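In order of appearance the chains are A, B, C and D, and numbering begins at 1 in each one.
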C-alpha cells in the first residue's frame, strides 16, 4: 500500500500517518520528494483495510499496490534517479556511459592492458569478473580475491572505476572493498538474501535481468535492494531465454522505453552476453543507445581466442576502438 | 547440394555439370554471378554421393547443404538483392523505406485520409489490411475485395505504392491486381502452398517472420518463394513469442545484423505488431534503423481509439509526423 | 455473444430471439441441447448492446464472450462430442484410440507392411503423410496423390481407417476422397482458409496445436471449422516450442485436463513429434492416457534408420508391439 | 575429463593415474563402482592433453567431457542412486513417494492439522515452507525459524520426515537442524554458493529445476552438490516458463524418462507449482508416476482460500484423500 500525502502536508500529518500504520502492525517507509511525500506500507500479508488512514489529515490518496514493486516505480518517485560513478552520472538526461572490459579477469597483463586500451578509447568504467558463475563445477570459476586485487591495480593505472560481480551475501563486504559498482548476475537476480545484503551498502549496484525474468520480477528484484536503503540501483538488460538458438539469448530492447515509463532507475544494456556473437555487438550497442539506454556494457579482450570464457562474444581492442568512434558520433547526434 | 564453379569455368563446363545432375534424377538451378556461377541441386532426399560431379572440369567446390535454404544465402549469391517499389529501392546501401498505414482498411475516408497524411509526412509506401487473419471466426475479418479497391483509390490519390496481405493461394491473383507488394502474415509463414504461389508472380513479396520461427525456418520459407522463381523477397521481423507479457511479442532486433550476414535479401522491421504499445513504437523504429534494417513498417490510424483492430499500437497522425521528423534526421546521420 | 435460453423456452421464443439478432445485422446460430437451447451470435465487430435481446421472453442469460471461441466451449455445448471413425468412437468416456503408422508414406511395401503389423498389434487407425510440410523446399515433400492411393491400399488390406494431412484448401477435395480423418498440421493451425474449407466437409478433422499456439488460439482455430458446420473436430497436442532443446518440442500434457474443462471436443496426444526421441515415446504415451487423453498418435516405421523423415522418433514394429501390450493393460486399469 | 579404468585395474594402477593427474595441476576424484573404477578429473580450464594418462596401465578409456556434469551422469556411475528418508527409499525400482503439505507454514494449527491428515491418507513426507522466496519484498516471506520449529512439532506428532526450503548458505546450518530433506527452490537452482554449502552436509537435498533451466544446466547444478561430497540429491521438475499463460508454468514431463537416461539420481515431480491450478494437479500427478517419476510433491492446505500463498493450486484435505486413493491403485498397477 502506498499513501500519497498532499503537497502541503506537514511533518505532523506525516508522523500521524506513520503512527497509524505502525498501530496496524505494519512498517511505514517515508520518502520525501521535492513536491510531496509518499509513505510506503510494508509487511502486510494481502489486502489492507485502509479506513484508519484514508481520512487522516494530509492524505491525498491511498494506492493499493498489486505489483511486487512500488519504491522503484515512477508513481512513488517521479524524478529520475541519477547515479554518480567516478566522473560519470548514469541516468536519464545524462551522457550514456560505456562500460568495457573482459568477461573474466585472467592475469595482471590481460586486465591492465585492456584497461589502458579501453580508457584511451573513451570507456567510462572497467568491467571484469573475479567471481564467475558457471553451469558446472569443473570449469574456471574466476580468480576470486586475486582478481579483485588485479582490478584495483588496473583502476590505479587508469583511473577507471570498476564494475565486478558478487555472487553471495558473505562476499559483499570483500567485493565492496575493491569495486566501485557491485554487479548481480542474471542467475542471482532472485537471490533475495544477496539483494538485501546489497541494500545495506553505500555503493551502486548493477542488477542484471534474469534470463527468464518478466519486467515485473526484474523491478521486484530492484525493489529488494531499494527497500533496504540503497537507492543506487542500475538495471541491466542482457537478453532473455527464448526458443531462438541463432543467438545466445534474445536481446529484449523493448524493455528500454518500457522500463523508462515504469521506473525512475537507470537502465543499461549488455549486448555481448545477449548475442554471444562478436559481429552482432556493435549494431546492438548502437540500437540500445538510440532506444534510450543510459549506457552499454561491452566485453573486450586483447586476445579473444585465448579467453578463458566467452571469447566468441568479446571484441578485440581494435574492434572496440572502431565501435567507440561510432558511439561518440551517435551520442553527439543524440544531443549529449 | 551447392556446386561452386571456378571463376573461369566455361558455359560448356556448366552444361556438363547440369547434365550430370539431371542424370542423377535431380534438378540443377544455375545462378550466374558477377564473379562465378553456382549451381544449386534440388530434389534430393537426403545426402547425395557427389563422386560423379566433384571431379568434373570447372568445379571448384561441392558444398553439402544441411540448412533448409541455399538460394537466399550469401554463399549462393553474395551480392545484395535490391528491390524496386515505386520510387524506392529496398536493400543494403539504399535509403531505408518507411511503410505506414492502418492495420485494417475500414472505410474510404479512413484509408484515404491516412494515405494523404502519411504521404505528406514522407512515407514511401502505404500499408493496410484487406484480408485480416483473426484468432477466432467471430471477429472482423477485413473488407476483403472492397478493401483492395479502397487501397487502389488511396494509391491513386497519393501515388503511394500499396502493401497488403494475402492469406490463401487462390487469392494471390486477386491481390496481385491491386497490390504493389504482397504480404505474407506471420501465421502463414509456413503455408508452403501460398509461398509457392507467390513464387510465381512478378511483384515483390513481404514475408513476415512466424511468431515462433527460427532464423533457419524464416530463411527456409523465403527459399520457397525464391526457388519458385520470384527473387523479390523482403523479409520482415515482427516480434517473437516469449514468456514476456509486458509487450505483445518480443522484438528480436538481433536478427537484423544476423540475417544481413546470412542472406542477401533485404530485411525490414515492424515495431507496431511486435510491441503492441504505441509509446514503444518510435524508439524501436529508430533502434531498428540504427541496427541496419532496410526499412520500417508502422501502423498509423487517424483515430486509433475507434480502430477495428490493433488500436492500442497505432500511432496517431500527429505522432507519426513527429516520428518522421526524427527518422529523417536519423537517416541523414546514417549517411543516406 | 451467447444467448442462453430457459429450459422451457418455446420454439416461438427462440425464433423471436433469432429474428432480433438478425435485425441487428448479425447472424444467429442455434444449437439445441438436451436441456436447453443456446444461440450463438456471430459477425459482430466488438461489443454488442444487448438491450434488445436480454429482456425477450425465454432468455435466461446473455453472455458476452471475450474469448475467440464459443461453439467449441462447454458453456455453449456441455455434452461431450463423440466422433465415430471406423469401429472406434473418440471422446470422453470411450476407450482411448491408438493411431499408428509412419511419418511419411514412402512405398507400397513400407505402408502396407506397417499397416498389417500395427493392425495385428491392436492399432485402431493408420496414420501416414502423403503431403509433407518441410522447412525448406529442397527436401522430400511426400508422395502426394500417389501416397493417398497407397494409403487406400493399406486400408483395403487391413480395414484400418486412415488419417492423413491436407495442407491447402484446394487439396481438401482430393484428400477427402481417400482419408477417413483429415489432419491439419501444426504449421497450418492458423491457415484460416484451410480451416474454413474443412468446415464444409463431412469427415472428421484432426487439428494439431500450433507450436506456439496458446490454448485460446488452439480452440479459436477449432472454432473456425466448427462454426462452418463440421462439428467433428479432434484436437491434438504435439508439443510446444520452448527454450529446451533436449527434446524436439516440449510436450504440454497439462492441456489435457485443461482442454477437457474448457471444451467438449476430444483431445489426443502425439508424443512422437513432441519428443523427437524414440525412447521417450512410450512413457509419454502412457502419461497422456492417464492424464485423460482420448487417444494417442504414434509413429511406427519398419526400418526407422532408413526413413525419409523423422526416423529418430519412430518406433520399430517390435517396440510398438511392446508399447501396445503396456497400453492394453493401462487402458484396462483405467476402466475401459 | 573422465578416466575409465579396466575392471581388473589394481589399486596401484589407480594410484598411478591419480598421481599423473595431480602432476598436471588437476584434481582426481575416484569413485569405486561394483564393476570398475572411474576417475573424474576436475579443475581444468578447457581441453586437456591426455597423452600422459591414456597409455598408463589399467586405463580402459579417457572420455573428454563437454557437458557441465559428469559425476551425476550414468557414464560415471551406472547404478541407481537410492536415497533413504524416514521409512522410504527414493529412486528407481522403489515405491514412489508422496510428499504433501502446505506451500507455507502459517501456524501451529495449520501445519499440525495438515500433517495429521496427510499422514492418515498415506503421505510419506511432509512439506512446508518456512523461508519463502517472493517476487517483491513487501509480501509474506515465511515464518522463518518459527516455521522450522512448527515443522518439527508436526513431525513429532506424525513421524513424517520434513522437506523444507533453504535460501541462503548461512541458513543451511539452521535448516539442517530441523529438516530431513533440504530443498533448493527454482530461483536458487544456480545459486552456486548455496549448492556448494549443501554439498557439505549429510542430509538429502531436493533440487528444483530452474524455471528456464535446460536439462544440462539442471544436472550441472546437481553436480555442484554432488562434487562437493553430498551424493544424496533428489531432482524435482516443477514446470518451465513458456509463452503459455493458461497454466502457471508448463510442466515438462518428458524430462522424467530423459533424466532417467542421463543420470542415476532420483527425480520427483511437483504438479502444484507447475500448473498453478487445483483441478490440474491430480491428472498431472498420476501422469508423472506413469512416466517414471520416483515421487510427487503436492500442495495441500486445510483452507486453501485463506492460504497466505498459492491457495489456488492447493488441494483441500478431501481432494488429497481422493487423489491418494487413485495413486495407491496406480502404484499397485505399476507393480510396487
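Of note:
The working rule: contacts are C-beta pairs under 8 Å (C-beta built on N, C-alpha and C of every residue); 3 or more make two chains touch, one makes a residue touch a chain.
Treat the numbers as computed from the prediction; the structure is a model and nothing was measured.
Although chain B and chain C carry the same sequence, what matters here is overlap: shared residue numbers make up over half of all numbers found at their interface.
Relative to chain A, the chain whose mean Cα position lies farthest away is C. Spacing of chain A relative to chain C, judged by their CA centroids, is 48 angstrom. Between the Cα centres of chain A and chain D there is a gap of 32 Å.
Distance between chain A and chain B, defined via averaged C-alpha coordinates, is recorded as 37 Å. Within chain C, contacts with two or more other chains are made by residues 212, 216, 241-243, 245. Residues of chain C that touch chain A in their complex: 212, 241-243, 245. Taken in their complex, chain A has these residues touching chain B: 212, 214-216, 240, 242-247, 250-258, 261, 274-275, 277, 279-280, 283-284, 286-292, 329-330, 333. Of all the residues in chain A, the ones that touch chain D in their complex are 40-46, 65, 67-70, 133-140, 167-170, 187-188, 190-194, 196, 211-212, 216-217, 220, 223-224, 227-228, 241, 308.
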